[in-house]
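Here you go, one structure.
In order of appearance the chains are A, B and C, and numbering begins at 1 in each one.
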Amino acid sequence: MFAYAIKRTLFTLPIMLGVSLVCFALVHLAPGDPLVSVLPPDASQAIKEQMMALYGFDRPYLEQFARWLARVAQGDLGTSIRTGRPVSLEIGKAVGNTLMIAALATLIGFVLGTLFGFVAGYFRDSWLDKAASAAAVFGVSVPHYWLGMILVIIFAVQLGWLPPTGAGPGGSEAWVWDWVHVQHLILPAVTMSVIPMGIIARTVRALVAEILSQEFVAGLRAKGLSESGVFGHVVKNAAPTALAVMGIQLGYLLGGSILIETVFSWPGSGLLLNDAIFQRDLPLLQGTILVLALFFVVLNLVVDVMQTTLDPRIQRA
Amino acid sequence: MSASPAGALVRSPGYWVAVLRRFARDPVAIGAAAVVLGLILMAVFAPWLAPQDPLQGMTLKRLRPPGTEGHLLGTDELGRDMLSRLIHGARISLFMGIVPVFTALLAGAAIGIVAGYAGGWTNSLLMRTMDVFFAFPSVLLAVALAGALGPGILNSIIALTLVFVPPIARVAESVTTGVRSRDYVEAAKASGAGALTIIRKHVLGNVLGPIFVYAMSLIAVCMILASGLSFLGLGVKPPMPDWGLMLNTLRTAIYTQPLLCALPGVMIFITSISFNIMTDGLRSAMDIKA
Amino acid sequence: MAALLEVRGLVKNFPVRTDLLGRVKSFVSAVDGVDFDLHQGETLGVVGESGCGKSTTARLLLHLIEPTAGTIRFEGRTVGTAELPWKAFRRQVQMVFQDSYASLNPRLTVAESIAFGPMVHGLSRREAEARANALLDRVGLEPNLMAGRFTHELSGGQRQRVNIARALALHPRVLVLDEAVSALDKSVEAQVLNLLLDLKEEFRLTYLFISHDLEVVRFMATRVLVMYLGRVAELGPTEALYTGSRHPYTTALLGSMLSMDPDRRTDAAPISGDPPNPIDPPAGCRFHTRCASAEPACAGRVPVLTALGGGHAVACHMSEPGSGHSRATGRAA
């Protein structure tokens, strides 16, 4: 088990290096020179070259990459061109905020998804299955940013029950766990939960249906095991995969929060990314993408190792 | 066996005929396919179907609610006819959903089939490279690429293609690896055929179906993602009528004309759910155990 | 008589574990130094438990997997060299697989499957399809009814007839039959076996007949080769081997077959337990861990395949003069 974790971690390192390379290349993919947003358009050629040298943009790509990587390894993601603050600081706060809604959304999605999935898998081809499956198709088909707008229209504009946008009085700086602030979490988290709900429901339905069709279940029933006992077996066999899917979904939500956060003006990593793109703050763009992608890689690693531990059927050398 | 009727050659219907017959027996899937067909027809014949010019607006008649005289679905923030814009929007929205998946299908299938058939270090090199792109959540990768490249249709297509190549390559690799070890491929090798002949005659026919259906299932995802890019201002540029972009520009009217704001999203939703249901139906129709 | 096909020193190791740098740490010794000849017109039966390397030997013979070592000569020419390239060799040697379903492409019609090989070797589609129809007729399938059908519409016996026709489509001289009838019902099996005997006569074929079914091998084979854990244990003319086996493994194997018939029961000790792990095979004679006559000498050295006369040879310390086994005989040829 431990050996597998070590091996799997070692295999992740080249992926992380590749991810870093892609993030590094993004800046050079961008049209125009990387200083376009800090320099006035009429800046002289001499100043341009001076600045290029200062930021190291005049060096060969490989050297730039090595230097950048070395700095990143020490936790230095550079300085935001717009705010002048360290990128790592900006990202840390934003990722924390995103994690709040993403974790809540994953939790809601997991609870509803497993519920729908179990019902659908247990009563296959009944109207319950059809209804639960329809909910799952809805979850994976609905453009969630649009769903967010609809929820705002209903619950904020029409009913006035919940605040439409933002993170409460004082913004994210003044966040406290009281109702005034927490109510801002509800709409973004519910909107976001639709995707993991659909995917988890589909996975669980397939898992449950497959487990129930296996011979050992018929064997258990033949031995006189009660339905609740059978249910216990199904849960035990379906849990590792369902939990793994949940873990991966959390990663997708964290990385894909930009649309939801734009709709709800939620001060998370997605909104930060949006600002970085439109203000052409390339160090911030690069840093945010790198942190989110590496987080996703590590999450995948953890989920994989945990699934192997939980699920005795998976034997990996 | 000995009694041989000297009749005409008996030719059995092929696999795809059987799949289509099964598909035709699934009323939900057929309904979804009809909707998809309708949307495609709407996109093709948009100039003839739309009652008005989707780009021409009247500033005096801005943000009229649905049901307004002369504007069945109201007008947008620049006074343009919503119905005409929604009809024309099918063109660019379907285009942005289908084209990146199609280009990714060509590239991803080629990469995956080569990797799966060759095996060994060729496989490792290709698939580990794919893993790097797979390590990004798809929305993040699309936004990062589109953000770095800048807004525009072509840049969005490039970004979305890059997002969908790795998953398609992975599916292609896994089905090809499965087919490669089948005895009929061994038998073809034993008959002295070269790799290209075997791929063309024995591998493609057995792997393209599953890869194609997988790619179809990505069209809905791609459309939502492309609309999302436009919604963020990273995709289609104004004044082009794109459903995602319309959601973006109408957002400011959320308090005054909520129903109007919701309309473009309804179109995206109908399209993506129809594609999803159609693909699900096709997939279960292909699941022939014979 | 010069052999049609000579196999010498065939070895195949499958890597099972690699370290982080991809170097092989351990491997399965699937075939370990197999030598045999195949003579024109004979049927050489290959028997042994599952996992003994029968199928691997067949696949090595057709170069479907890369051998670790060994040479194959066909009519005196070394295969895989300029003397006889693999493609030319494959016209001469064809194979019928065990799984009749998996060995036919589900997307091709019966005729297309059979015509594929000849088209690879330069026949036009029309010629290849004519040949396919003729062969279908020859293997007992009505071309008009069968040529346009797909695999899943055929019965197991029909599919295996198609596979035989496909193997014959290149007019080969040798057919490797890898458990070709094992998956069939007994009644169908008998029909296919008779078909194979007829075809052998008609096309002057030579068979390498691999099976775990000793009765079927006795019915089909002129000579028999017994394999144990990747090595040749015993080789000899069918009747000599079935009535006078010299290797304890062969005796035990035959004993397990005959024990169904009370009049022909032998006193041979049954083989106990499972075969040893081929990743770490026993030293010396690989059978010594399960052999009732094993002595310390058996674990020390690999027994040499010793000729006993009449084409009969055995790799056992008891039949090898001066092997150090207490029952070693001096009766070597």
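Here is the rule we go by: contacts are C-beta pairs under 8 Å (C-beta built on N, C-alpha and C of every residue); 3 or more make two chains touch, one makes a residue touch a chain.
Just so you know, these numbers come straight off a predicted model, no measurement behind them.
Student: Which chain pair shares more contacting C-beta pairs: B-C, or A-B?
Tutor: It is A-B, judged by the count of C-beta pairs in contact.
Student: Using CA atom means as chain centres, which chain is nearest the centre of all the protein shown?
Tutor: Of the chains present, the most centrally placed is B.
Student: How many angstrom lie between the centres of chain A and chain C, each centre taken as the mean Cα position?
Tutor: So the centroids are 55 Å from each other.
Student: Let me have the rounded angstrom distance from the C-alpha centre of chain B over to the C-alpha centre of chain C, please.
Tutor: Inter-chain centre distance comes to 50 Å.
Student: Could you state the distance in Å from the CA-based centre of chain A to that of chain B?
Tutor: 23
Student: Which residues belonging to chain C are in contact with no fewer than two other chains?
Tutor: In chain C, no residue touches two or more other chains.
Student: Where on chain B is chain A touching in the complex?
Tutor: Touch residues, chain B against chain A: 128-129, 131-133, 135-140, 143-145, 147-150, 220, 224, 227-228, 231-234, 244, 247, 251, 254-255, 258, 261-262, 264-265, 268-269, 272-273, 276-277, 280.
Student: Provide the residue numbers of chain A that touch chain B in the complex, in ascending order.
Tutor: Residues 14-16, 18-19, 21-23, 26-27, 29-31, 137-138, 140-143, 145-147, 149-150, 152-153, 157-158, 164, 251-252, 254-256, 258-259, 262-263, 273-274, 276-278, 285, 289, 292-293, 296-297, 300 of chain A touch chain B in their complex.
Student: In the complex, go through chain B and note every residue touching chain C.
Tutor: 1, 4-12, 14-15, 182-184, 186-193, 197, 201-202, 205-206, 290
Student: Okay, in this complex, where on chain C does chain B touch?
Tutor: By the definition above, chain C touches chain B via 59, 62, 64, 86-87, 90-91, 94-95, 97, 99, 102-109, 113, 116-117, 120-121, 140-150, 152-153, 163, 166-167, 169-170.
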